[in-house]
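Provided herewith is a single structure, encoded as C-alpha cells, for subsequent inquiry.
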Amino acid sequence: MIEFEDVTKQYPDGTVAVDTLSLRIPSNEITVFVGPSGCGKTTSLRMINRTIERTSGRISIDGEDINSKDAVALRRGIGYVIQHAGLFPHKTVVDNIATVPKLLGWDKRRARTTAMELLERVGLDVKLAERYPAQLSGGQQQRVGVARALAADPPIMLMDEPFSAVDPIVRNQLQEELLRLQRDIGKTIVFVTHDIDEAIKLGDNVAILRVGGKLAQLAPPSELLANPVDDFVRDFVGRDRGYRALTFVHPDELPVKPLPAELVLDDAGAPVGWRTDHEVQPVNAVYKQGDSLRAALDAVLTSPNGWGVCIDANGRAVGIVDQVIVAEALRS
Amino acid sequence: MTWIGDNLGLIWEQLREHLYLAILPVILGLLISVPLGYVATRFSWLANPLIAFGGVLYSLPSIALFIVLPAILGTKVLSTVNIVVALTIYTVSLLIRNVIDGLRSVPAEVRQSAVAVGYGSLHRLVAIDLPIAVPVIFAGLRVVTVANISMVSVGAVIGIGGLGELFTLGFQKDFLTPVVVGVALSLLLALVADLILVGLQRVLTPWARVIHTPPVEVA
Amino acid sequence: MWEYLSDSYNWSGPEGIWARILQHLWYTFAALGLSTLIALPIGLRIGHTRRGAFLAINLGNAARALPSLGLLMLAVLLTDQIGFLPVLIALVALGIPPILASTYAGLSGVDPATIDAARGMGMTGREILTKVEIPIAMPLIISGVRGATLQIVSTATIAALVSLGGLGRYVVDGLKLRDFPQMFTGALLVALLAIALDLLFAVLGRVAVSDGLKVD
Amino acid sequence: GGGGDQLGDSNAGSTTAPAEVKSITVGSADFSESQLLAEIYGQALAAKGIEVKKKPNIGNRETYMAAIKDGSVDLVPEYTGAALAYFDKNSTETSEDGAYDALKKAVSPGLEILDKSPAADEDTIVVTKATADKYSLKSLADLKGKDLVAGGSSEFKVRSAGLKGLKEKYDVDFKNYLTLDAGGPLSQKALLDNKIQVTNLFTTQSIIKDEGLVQLEDPENILPPNNVVPLIRTDHKSDAIAATLNAVSAKLTTDDLTDMVKRIDVGKESADAVAKDWLSKNPLS
Amino acid sequence: MIEFEDVTKQYPDGTVAVDTLSLRIPSNEITVFVGPSGCGKTTSLRMINRTIERTSGRISIDGEDINSKDAVALRRGIGYVIQHAGLFPHKTVVDNIATVPKLLGWDKRRARTTAMELLERVGLDVKLAERYPAQLSGGQQQRVGVARALAADPPIMLMDEPFSAVDPIVRNQLQEELLRLQRDIGKTIVFVTHDIDEAIKLGDNVAILRVGGKLAQLAPPSELLANPVDDFVRDFVGRDRGYRALTFVHPDELPVKPLPAELVLDDAGAPVGWRTDHEVQPVNAVYKQGDSLRAALDAVLTSPNGWGVCIDANGRAVGIVDQVIVAEALRS
C-alpha cells in the first residue's frame, strides 16, 4: 500500500500544486488519478518515486517512509511510464527494455531473455526487438515503454498519461492490453489521466483531484458514477453517467425469453437475421451471457425490432431480451 | 600607453577599415545566400551539394584566397575588393546552411496554411518563410560576422588588414602594445557587432520574445 | 601547379609534401585534442546541469572573434618563443568555441521526457550523462569537432609565419616569393586535407552515432 | 615571380612623365626602415603641397613590387643591389655605381628610379660572438662544412644574395634552413636563442652592435651594394617630385638611418615622428 | 454544392490515396469525412482547394470545375483550418485573422475591424488581439484558426482534424461553438476527423471512407447508426451504437407522469431532491422538454430511484418519466 499523509508540494515560484493530500493506494490494484489540467496529478505521481520531492507530509510504501531510502534505489524498484514513452532513441527496442536489469547488474543473457519475454507479453512481435524507437508507431512505442517499466518486475508501476498521445483506436487497444496484463501481474499501479472515460475503464479506484491539488473523491468507478460527492465531481464525470454506470451492473442472470420463430439461426445455432415479410434483416445486436447491463441495453437499442439476442460463450443464441426485461433489471 | 596616445589616428583609421572590411561582406553574403538558399529549398536536391561545397570553400586558407583573387578578378593587389570578395565567399559558404535550415524550419502546418490561404510562392517567401527563418539565419549571421572580424586581420600579411596591421606593426618591433590593442579592439568590435545583431533580431522577431507559457483558457 | 605536384622530388624528403602533410596533421591534431580536452568537459557540465549556459555561450561566441593572427603574434611576444607553443595557443583558442557550443547544444537538445524517464527508472546523474545524454548528443558533439577541425586545418597555415612547417609553408613562401603555383598547391592541399579529415569524421560519426538517431 | 609579374606589367601606366602630379601614394615594405623612408618621402612631398596617401607595411619585395606595378602604390623606397637582383636575376654588379646604372636599365617599363642616396643599408650575414668563436668564423667561406642551421626570410633562401650565392660562390651547405622573417624579430630571437646560428640582417640594425654580433666578410661579393633609392612610377614622376626626393636622398646618411631605426625598434617611437624630426633637422631648402 | 466525380489521386510513389471517389457535398451544411488513418481524408479535402492536385476525375463547385480557376484565387475564396491551427507565429492574433482580407487588398481599417468582430464571434476576448500565437492555449489557437478561415467570409470552409490536438474538455467546447457558429453563418463545411463521435455530433452528413480512398457510406448520422451498409461501417461506428442513435430520436412529447410527493421543489418550482425516510437525496437526473430520447434515458438511468425529472425551459419540474415510459417510446 502506498499512503499519502498530509502531503503538500509547493514549487519554488509559490505555486501550491498539491495541498495536504491524504489517500491510500491499495496494493495490487489500479488506482487512477484524474482531474482537470494543472490539478497536480503529475506532481502527486512523481512524488512517489521522488523525481519531485514533497514539501511536507509523509509518503510511505508498505508503511516505510520513502525518504528513508536512497532515491536511486527507490526508483529502480518502481516502474515509470510516461506520455510519448520517453524511450531512449539511441537504443534498440530490446536494449530499451533491458535498461533497468542492466543497471541492476543482471548478466546480459538474462536481461535480454527477460526483455524478449516482455516484448511478447505487451503484445509486440519479437521481430521488432532490433528496431529503434523512431521506427515504431506511437502505439508500439507506448507498449515498449510499458515493457521497459516492467523489466525488473517492480511491485509498483507509475503511469503518467501513458496513452494520451496515441489515436483513439490504438488507445483503446492499449487500455485493453493493460487490463489483460494486470490480470496476470497484479501490480500496484498508479495511473494518471485527464480522461474520465479512461479512468472509469481502467481504475479499480479513481481519485478525482481538483485544481490546487485537493482530493475531491476517491472511490471505485461505479460508486463515483452513482454517488458523486458534489457538483464538481458530478460535472467532471459528465453526461451519460447513468448509461455508463450500467457497465458495472452485472445482473447475475437476465431472464431471457425463448427464441421467437422470426429469428433465423445457422447450423451451429448462431443468430443470422430476422425474417420479415420480404427479407431477412441482419441481427445487429447480440450480447453475451454474463455481460453487463450496458451491453444488454445496447443490444436492445440497436436491434431493428427491439429484441436483443443473448448468445452463450460458443456464439449460440440462447434467448432474447426486450426493453421491458432490461427495465425490470434496472429497477432492482 | 603613450604609444596609444600617439597613434590614436592610426588606430581609428585601422578600426574603420576593419569594420568596413568585415561588415560589407556580411551584407553582400546575406544578399547572395538568401536567394541561393531559396532556390535550394525549391530544388531540394541542390541543398546538400551546396552545403558541402560551402564547406570546401570555407576550408581554403584565407591568406591564399586574398592573394589569388587579384589574379582571378583582375583587381589591383592592394585593393580592398580582394578582401571583400574573399570574405563574401566565406560568408556565403557558412550562411547558406543557415538559410536553408531556416527556410526548412517553417513548420509544415504553417506552410500549408500559407498556401491554402492563397499566398503566391514569392510572396510567401517574403511574408511568411523569411520572417520565421530569422532566428536561424541570425544565428548564422552572428557566427559569420564574428568570424569575419577575426579573419580580416589576416589581410595584414598582404598589407590590407585593418586592425591586423597593428599586429604586424607591433610584431616587427617586438612591441606588445599595438598587438594587444589590436586584439582587444577586434574582440570589442565583435562584441558590439554581436550585440547589434542580437538587438536587431529582437526588433525583427517580436513574437519570439513572448513568454511561452500559454495562459488559462478564456472560454 | 601540376608541374609542381607531379615532380616527385617535391613529394619526398624532410621538406617534401608528405612531410609537410604530416606536420600539418600533427599541428591539427595536437590543437584539436587540446581544444576537445578543454571544451568537452565544460560543455558537458553546462549541458547536464543547464547552469552557466548564458555566460559560456556568449563568451564562446565572442572568443570566435579572437583573431588567430593577432593571437599568434601575441603568444610569440608573451611566451618570448617562436615555434610550436604560440601556434598551439592560437589554434586551441580557435577550436574551443565550436566544440563548446555544439556540446552544450547537443545536451540541451535531449528530449526532457527521455531524461525524465531515465531519472524515473533510477539512473544516477552520471549514468544519465554517460548512458543517455552523451550518446544522444553525439551527432552534435561530432559536428562541433568537425567544425573545429575545419577551422584548425585551414588556420594551421599560419604556423608557417613563425618558422614552423606544415602546408602553410607553401602558402607563405609562395606569398613571399609571389610563386603562385606553389601557393595554389599549398591552398589546394590544405583544402584537400580538410575534406579528407571531414570525411574521416563523417565515418566516425556513422560509427559512433547510434542508428536509432539516424532514422527519420 | 610567376603569373603576378605579367599581370603587374600589363597594368603599368604610361611611360611618359607628366608635368604635374597632384597626389601620390607612398608604399613601404614590412620592416621599420622602409616605413621610415616612406614617411620621410611622404612628409617631404606633403610639404611641397602634394597630396600624399600612405600604404605602409605592404609586405616583402615581391609583394610591394606587384603593388607598384599595378598602380596600387606609386612610390616605394628601394635599395640598389636588392632591387637589381629582383629585376635582373643574373646581374653580377658589385660596385655602387655599377649597380645603380644597371638598375636604371633593368627596372620594368613604367617604373623609374631617382638619384641614389649616399645612405646605404647593406645586407649582412651574421653569427653570434659565441658561434664565431666556437667555429672560428670570420668570412662566409668559413661556413663551409660547419653543419650549422641558418634562418631568415623566404626570399633569402632562394636568391643569389642568399643561400644560392653561398652555395655557388662559397660551396656552403646548411644543415637546415628555418623560414622566419627578413631580419625581423623572429630571426633575431631565433639567432639569440641559438635556434639558428646564421642569419641575414641589415647593417643599419642596432642589434648588431648591441648584441655584439659578428658580420661575416664577403670576399666574393655575393651581397650587393645597397644604396637607398626611390622607385617611382613614371606616370607620377613630375619634376617637382623628383627634385624633392633627390634632395632627400642627397641629405640622408647611413648614420642617420642607423640612429633613426634604433629609435623606432628599440625606443618604440613611431616612424611618423622620427621622420618629422629628421626633416626638421635637415631642411630641404 | 461541391461534387466529386470519379476523382482519383495517385502520389508519385505509386500510393493510390483516393480511388474513383464520387460524392456530393451539399451547400450550407456540415459534411464530415471520417475513416481510419491513411484512408485519404486529408487528400480528398486538400484536392478541393488544390493544395493537392487530383490525378484524374473532376471536382466542381456549383457546377464549375475548380481547375478552370486560378489556384491562388480559388484558395482565397475557401477557408482552411487544420490541426494545430497552423497560425503564423510571427503575426499577432489580429494580423493572423486579417491575412486573407489583406491579401485581397481590403483597406487596413476594414480588415482590422472584421478581424476584431470575428475574434468575438469565435468566443475570444478582444484583449487577445495583440498577442502572438505562442501566447495562446491550444484551444484559443484553434479558435483563431477558425476566425482566420472565416475572415473573407468564404462560402466554403475546409477543416482538417481541427480539434484533435486539444484535450477532450476543450474539444467539446470547440465543437459546441462550431455548431452554434454554423447556425449563424450556414457555410458549406467539409470537416475531416477520425473520431466517429465527433463526426456524429457535427455532421449533417457523414462520409465514411475506407483505406484506399473508397467511399463506404455517405448518410446522415442517424441513418448511419441505424443502417450501416456493411460490417466495416458497423465496426467503425462502434459499440454503444444503439444508445448513441437515441441522440437523433426526438419524441415529440414524451408522456410524463405527474410529480410525485417525494420530489422536493424549491420556491421557483425547480427540483431539489428526493425525500426518503431519513434524508433528501439529490436529484442527479433531469432532462429538458424536447431533449432527445438519449437524454431522457440517461436521466432515468442516473436517478437514484429510477425516476427522471422533466423540466421546462425555465427549469421548473413538469413531470417525471420512468423506464417503462422510455421503453414505450423506444418501441415506437
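Chains: A, B, C, D and E, in written order; residue numbering restarts at 1 for each.
In this section, a residue touches a chain if its C-beta (ideal position, glycine included) is under 8 Å from a C-beta of that chain, and two chains touch if they have at least 3 such contacts.
According to UniProt, the chain labels map to these proteins: A, E = ABC-type quaternary amine transporter; B, C = Osmoprotectant transport system permease protein.
This is a predicted model, so every value here is computed, not measured.
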Via touching chains, chain A connects to chain C in a minimum step count of 1
Between chain A and chain E, the fewest touch steps amount to 1
Most remote chain w.r.t. Chain B, using mean C-alpha positions, is A
More contacting C-beta pairs: B-E or B-C? The answer is B-C
Greatest centre-to-centre gap (Cα means) from chain E is with chain D
Chain-centre distance (mean CA atoms) for chain C and chain E, in whole Å, is 58
Taking each chain's mean CA coordinate, chain A and chain B are separated, in whole Å, by 56
Per the C-alpha means, the centres of chain B and chain D lie apart by a whole-Å value of 39
Two or more other chains are touched by the chain D residues 3-4, 59, 63, 66, 185, 189
Residues of chain A that touch at least two other chains are none
Residues of chain C that touch at least two other chains are 76, 172, 175, 180
Which chains touch? The pairs are A-C, A-E, B-C, B-D, B-E, C-D
Per the touch rule, the chain C residues reaching chain D in their complex are 76, 80-83, 160, 162-163, 169, 172-173, 175-181
So, in the complex, the side of chain E touching chain B is made of residues 46, 49, 51, 72-76, 78, 80, 82-92, 99-100, 103, 123-125, 128, 131-140, 145, 148, 158, 170, 173
The residues of chain D that touch chain B in their complex are 3-4, 7-8, 11, 27, 30-32, 55-59, 63-64, 66-67, 70-73, 181, 184-185, 188-189, 264-265, 268, 270, 273
Note: in the complex, chain B contacts chain C through residues 55-56, 58-65, 67-68, 71, 142-143, 146-147, 149-154, 156-158, 161, 163-164, 166-168, 170-171, 174-176, 179-180, 182-183, 186-187, 189-191, 194
Per the touch rule, the chain B residues reaching chain E in their complex are 107, 109-110, 112-120, 128, 131-132, 205-207, 210-212, 214-219
